[in-house]
Amino acid sequence: MSTLIVISILAIVVLYLGLFKAKQALLPISVLGLVAALALAIMEWNSNAAPIFSGMMHFDNFAVAFSSICIITTILVFLLSKNYFEKISDNVAEYYTLILFALSGIIVMVSYHNLSMLFVGLEIMSVSLYILAGIKRKDFASNEAALKYFLMGAFSTGFLLFGIALIYGASKSFDLAVIAQYVIDRPTGIDPIFYVGLVLMIVGLCFKVGAAPFHFWTPDVYEGAPTLITAFMSTVVKIAGFAAFLRLFSICFAPLQDFWMPTLLVITILTLFVGNITALYQTNFKRMLAFSSISHAGYMLFAIVALGAASTNAIFIYAAAYAVSSITAFAVLMLVKAKTGSENFEDFNGLAKSNPFLAFALTVAMLSFAGIPLTAGFIGKFFVFNAALAQYHTWLVAIAVVNAIIGVFYYFKVIVAMYFKDNQTKQIATPAYFNFVLGVSLIITLVLGIYPSFITNLF
Amino acid sequence: MENITSTIQAVPLNHYILLSAIIFTIGVIGVLVRRNAIIIFMSVELMLNAVNLLLAAFSSYSGDASGQVFVFFIMALAAAEVAVGLAIIVMVYRNTSSIDINILNRLKW
Amino acid sequence: MSLFYVVAFLSIIFALLVIFTKNPVHSVLYLIATFFTFTIHYIILNAQFLAVVNFIVYMGAIMVLFLFVLMLMNLNTDTEPMKSTLLKVVGAIAGGCLLVTLVGSMKTLSSASTTAMDNTGIGLVENLGKVLFSDFLLPFELSSILLLAAMVGAVLLAKKDNKTA
Amino acid sequence: MIDLVWLIPLLPFIGFLINGLGRNVLPKPLIGTIASLAVIGSFAISLSIFLTFDAAQPQVIHLFDWINVGSLSIPFAFQIDQLSIMMLLIITGIGSLIHIYSAGYMSHDTGFGKFFAYLNLFVFFMLLLVMGSNYVIMFIGWEGVGLCSYLLIGFWYSNGAYADAAKKAFIMNRIGDLGFLLGVFLIISTFGSVSFTEIFPKAAGMVSGDATLILITILLFIGATGKSAQLPLFTWLPDAMAGPTPVSALIHAATMVTAGIYMIARSNILFALSPVTLDIIAVIGLLTAVVAAFIALTQTDIKKVLAYSTVSQLGYMFLGLGVGAFTGAFFHVLTHAFFKALLFLGAGSVIHAMSNEQDMRNMGGLRKKLPITFLTMLIGTIAIAGLPPFAGFFSKDEILAHVYEHNKLLWIIGLFGAFLTAAYMFRMMFLTFWGNFRGTEDQKHHLHESPVSMTFPLIVLAILSIVGGFMGVPHALGGHHWLNEYLSPVLAATNNILPALSLDHATEYMLMGISVGGVIISIIIAYVKYVSKGYVPKEEELQSGISKLSYNKLYLDELYTAIIQKPLDALSAFFFKVVDKSGIDGLVNGLGKVSIEASKTLRLLQTGNVGFYIFAMVIGIVAVLVYSFIII
């Protein structure tokens, strides 16, 4: 709870700093505030918190873990933002404010204990993102991204709400504990509208995490939005979406697994294939990352399909691995784009010669995405697959492994471009902030890959 | 007031659900068949209102106020969404002089 | 009893008119009419406060904003090129399928809740206020963040650029 | 000593770090020294472990808990037993020699530091592969060596074809990895563990022919076909010759490509209980051995001949595994490592002297100019041809003896392949070292014996190729097969299931006699054709082998050519063109094309039109509703 308060107040403070033209103070204060929020969040670890505010919010270990990872990723995104926003807009303070608002919504999404909180948190996040996607006002792509995201987001919200309403109609409450009790009390004879509500909620949540066939917004919005915002969306937002998804299903709907599992299974498989196969043909690195994020959503959905004791852990590890690798990829992309002006694979040619460190960091990130051992991505995939195996989804794992192999090809396209192709280009100047972020991500990726016990036994 | 209460008691809850579903679907169809971003947006509002009605009906029928409270949150969202959405539409209109969603196809494939 | 059906019929008619009228301004007006029928529904449902709020917020604020933007953009005539008839039909069919499946999957509703509770007071502002400011205090406070974010964003996006980029 | 086992992989890794970070700073001699010392240090430790190790049970050295998830615990641990010790010796021993050799071979290359960094990294991963105490650690090594191989094949990436070769190697290996990974997941779901010491005792209690075991072993074997270049995934290996020659010697002859055999030998109990899989392995291995031998017959690139020869020899190893001769197959891994590394390094020496000329048609008469290279390569060639008492004789003979007992038809085909081996290997020797020099004046002028750093490893390997076979002298020849006894703890469970070799000595003598006799005849034929007649293959004959065949058949006076020579060449050309280039490459490229086409088509769904997106969403929602409520 204190984390949420700190972040909300921080957002307002930053907004006022912008009013007083204290631009230099924006970044340090935002980062410091987030560090404080992170510390407050971690202090709640194992405090056996009970639901607070009449069961609205429950800051349990799940919430602590996911809010920590979201806050850390946001800090990394902020560190990359040095000088970035200034270039595209005058209203730098509003940027920070909106990202912080979105983050506060995300904190709500990972700690809700009542559907109204889920709804409010989700909408705080979404509304902030609609704005952030379109913040390059003069840029047509950014405009298009914002409008597409907004129209489709609002549309999907309608379905989510309809689902919530139906679940309320059946269970007569928005409280997760009451809904769970409603399900447990009625092994048979659950009101049919409850099932319909459940399916509509799956639809709404699948839209937010970008699962097929509700993924269509993802590539366009990711490509059109400013790169830094894309980085934020594809990491923090996606993780929050999954945390909310998992929280709802593990608390409320676990007993109904037989009902929703087949549906989600089909969605998962579809997501994996659509993401991976479409990514193969992309020539634009950013768009490839968008499709790859769809396929990663597929892998994370796995852990929800195979909902069980291991799911939380699996998603957490996968999300952590995915977040740091994405941050690296977007950081390098921003640097390359700043120099060459475009985002295609050819722009990475010869990077290994001109900027060995950038190339190495990106290589490790790609290997991690591809799930090559000794990187965090392998551990993540291993846990997710293992969770699925534990529920006897052997052939599902087989499909996922096939997809993992397909995925390797497009990730290696970048590595090939960097190492096996020449391009007489000068070195890209890397600001210290970027080196720091890349270094941190690199270390996290490798350490998690080699010694994952830090976080594998949290839950 | 007594008159109204007796009225509601005669209407089955199913009919409210049906009405909401119809209005909701009309909203969906509106989103599907129109190209004007503002009309699409209005159709989304129609969908949200269908949900509001549903929640209010459930709330009244079960004698639980929380459903009606939830309607407030949806209204708050609707207000926020309208502000942001219209701002986005205005922004797009300034750049393209159109609010036809079909011209938004630069980002694809 | 028949009041509900009359109003429901009107709601559906107006809603259909919203989406099938060519002139955007007319659409907005039909939407206002639809919302008005909703207000009546709320009254029938004994949700008096909700009825008032719906009247003020939707019809008063939101719809005015819509009209304002339409006028601002000078879109009050039917300039919108309509989708081809085929697309319209396909869209309508898809929507129809949605309705059928939605209703179909809710097929046998449990009969227990077909009649309303006799608790006539819950829709009054006093009761709602109690619930809102006790149980739902946190989401209520959080909606302020939502509104603030929307406000900041709307200003940010829609204001005129002072820089001529 | 065994406590120091973690140092074995660590030393090359440190070498990798130093050379990787200091590749542009450190002087070349220092880089070469560090890299070589790192591997030599590992070799010293391996050797001392070899000398002191006498436990009957595998020793597991637990480093730390790597992954703990539910009941499944995957430690980061090394397993030291007789099998891994032998592999360690090979990897670090031959690895050291090749590092020393590379210091001379690569001395003019601009990517010297990078090269040694990759090489050290490769050794590190290879050591992980053989030392891992469970399938997941093995998989780390498995992926790691693949990655290094990829980087090293594409080392001279400025040549586009080389980068393509790297890509091909990569794709084929990924197909193999798919099998391996699925196998591992199936093992997890079957046994609830990935550690060898837990799985194998459990597996030993299962019935032979258990369906799950068969599935597991087939999946693992698919993994092995990718890494060890077996049909149908063998075509990447010849292309991988694009890499620097020491890489071919180390990775694509001595170590990485034998990983598949190591893996199967490691899981011997699983395979012993799946007779179906063993039969598949035997057939695939034999086919690979013969097909590759045929293709090698007409190759003109000296490294390609060796590459196909490697594929063929790997086929023999799989054949051995398939007929249950686990010791024999592993024995062949060891001896093959000696003489194939020797041959590659020798070829490297030739290429070095010829200023990077690889085509044998431009060589000839080199034996006087490169005496050490010639002598050592001759030893290697005799060894691979299988003349006693050189190393290859004993190992190949042991495999063929098992095959003979298993199935006579397989034996005949295998024996035929062995004759082909002798023929193409001596063809290579004669074309390269006999006759007159056919290169340019410039090259002739430049001819020189290689520096000591390159000839020293050749000499060491030549000695090993001579004496290496004595570790497995069969009882028939008065030996007691030391290797068999040494490996018996590892294969104990398997030996209880599979019958031991029961041939009497007279049969064994007969088999040896037939194979030696046939090999000598093959050598004589090659001598007559390439030395006495001085035949040099010409471009157009290679191009149109099949069409010319039908034309020339009409001439009866060319009976010999028509009956023996031409069919062989034609078959060779057929295998090369149809199986290798169009068949398998076509299939792999086709798979690639299909996915790319799918990608193109799927991509078009992303029309950019919001209306369409929303429409698709609604369809999706209807589908989900229908699926949830009506279908289920």
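Per-chain residue numbering starts at 1, and chain names A, B, C and D are given in the order in which the chains are listed.
The working rule: a contact is a pair of C-beta atoms (placed from the backbone, for glycine too) under 8 Å apart; a residue touches a chain by one contact, two chains touch by 3 or more.
Listed by chain with UniProt protein names: B = NADH-quinone oxidoreductase subunit K.
For clarity, every value in this text was computed on a predicted model and none was experimentally measured.
A.B. asks: Both chain B and chain D are touched by which chains?
C.D. replies: A, C
A.B. asks: Just give me the whole-number Å value for how far the CA centre of chain A lies from that of chain B.
C.D. replies: So the centroids are 28 Å from each other.
A.B. asks: At what distance in angstrom does the C-alpha mean of chain C lie from that of chain A?
C.D. replies: That pair's centroid distance is 31 Å.
A.B. asks: Determine the centre-to-centre distance between chain A and chain D, using the mean Cα coordinates as centres, and give it in whole Å.
C.D. replies: Here chain A and chain D have centroids separated by 43 Å.
A.B. asks: How far is the middle of chain B from the middle of chain C, if each middle is the mean of its Cα atoms, in Å?
C.D. replies: 4
A.B. asks: Counting only residues that touch at least two other chains, what does the list for chain C look like?
C.D. replies: 83, 87, 91, 94-95, 98, 102, 105-106, 109, 113, 135-136, 139, 143, 146, 149-150, 153-154, 156-157
A.B. asks: Which chain B residues touch at least two other chains?
C.D. replies: Touching at least two other chains: 17, 24, 27-28, 31-32, 35, 41, 62, 64, 66, 69, 73, 77, 80-81, 84, 87-89, 91, 101, 104, 106-108.
A.B. asks: Residues of chain D that touch two or more other chains: which are they?
C.D. replies: Only 603, 606, 608, 610-611, 614-615, 618-619, 621, 625, 628-629 qualify.
A.B. asks: If you connect every pair of chains that touch, what shape comes out? Choose line, ring, star, complete or other.
C.D. replies: It is complete, because no pair of chains fails to touch.
A.B. asks: In the complex of these two chains, what residues of chain B are touching chain D?
C.D. replies: Listed in rising order, the residues of chain B that touch chain D are 28, 31-32, 35, 101-102, 104-109.
A.B. asks: In the complex formed with chain C, which residues of chain D make contact?
C.D. replies: My answer: residues 611, 615, 618-619, 621-622, 625-626, 628-630.
A.B. asks: For chain D, which residues count as touching chain B in their complex?
C.D. replies: Going through chain D, the ones touching chain B are 603-604, 606-611, 614-615, 618.
A.B. asks: Sort out for me which residues of chain B touch chain C in the complex.
C.D. replies: 1, 4-5, 7-15, 17-19, 21-30, 32-36, 38-39, 41-43, 45-46, 49, 52-53, 56-57, 59-66, 68-69, 71-73, 75-84, 86-91, 93, 99-100
A.B. asks: Flag every residue of chain A that touches chain B in the complex, lowest number first.
C.D. replies: Those in contact with chain B are residues 116, 119-120, 123, 127, 130-131, 134, 137-138, 140-141, 143-148, 150-151, 154-155, 157-158, 161-162, 164-166, 168-169, 172-174, 193, 219-220, 223-224.
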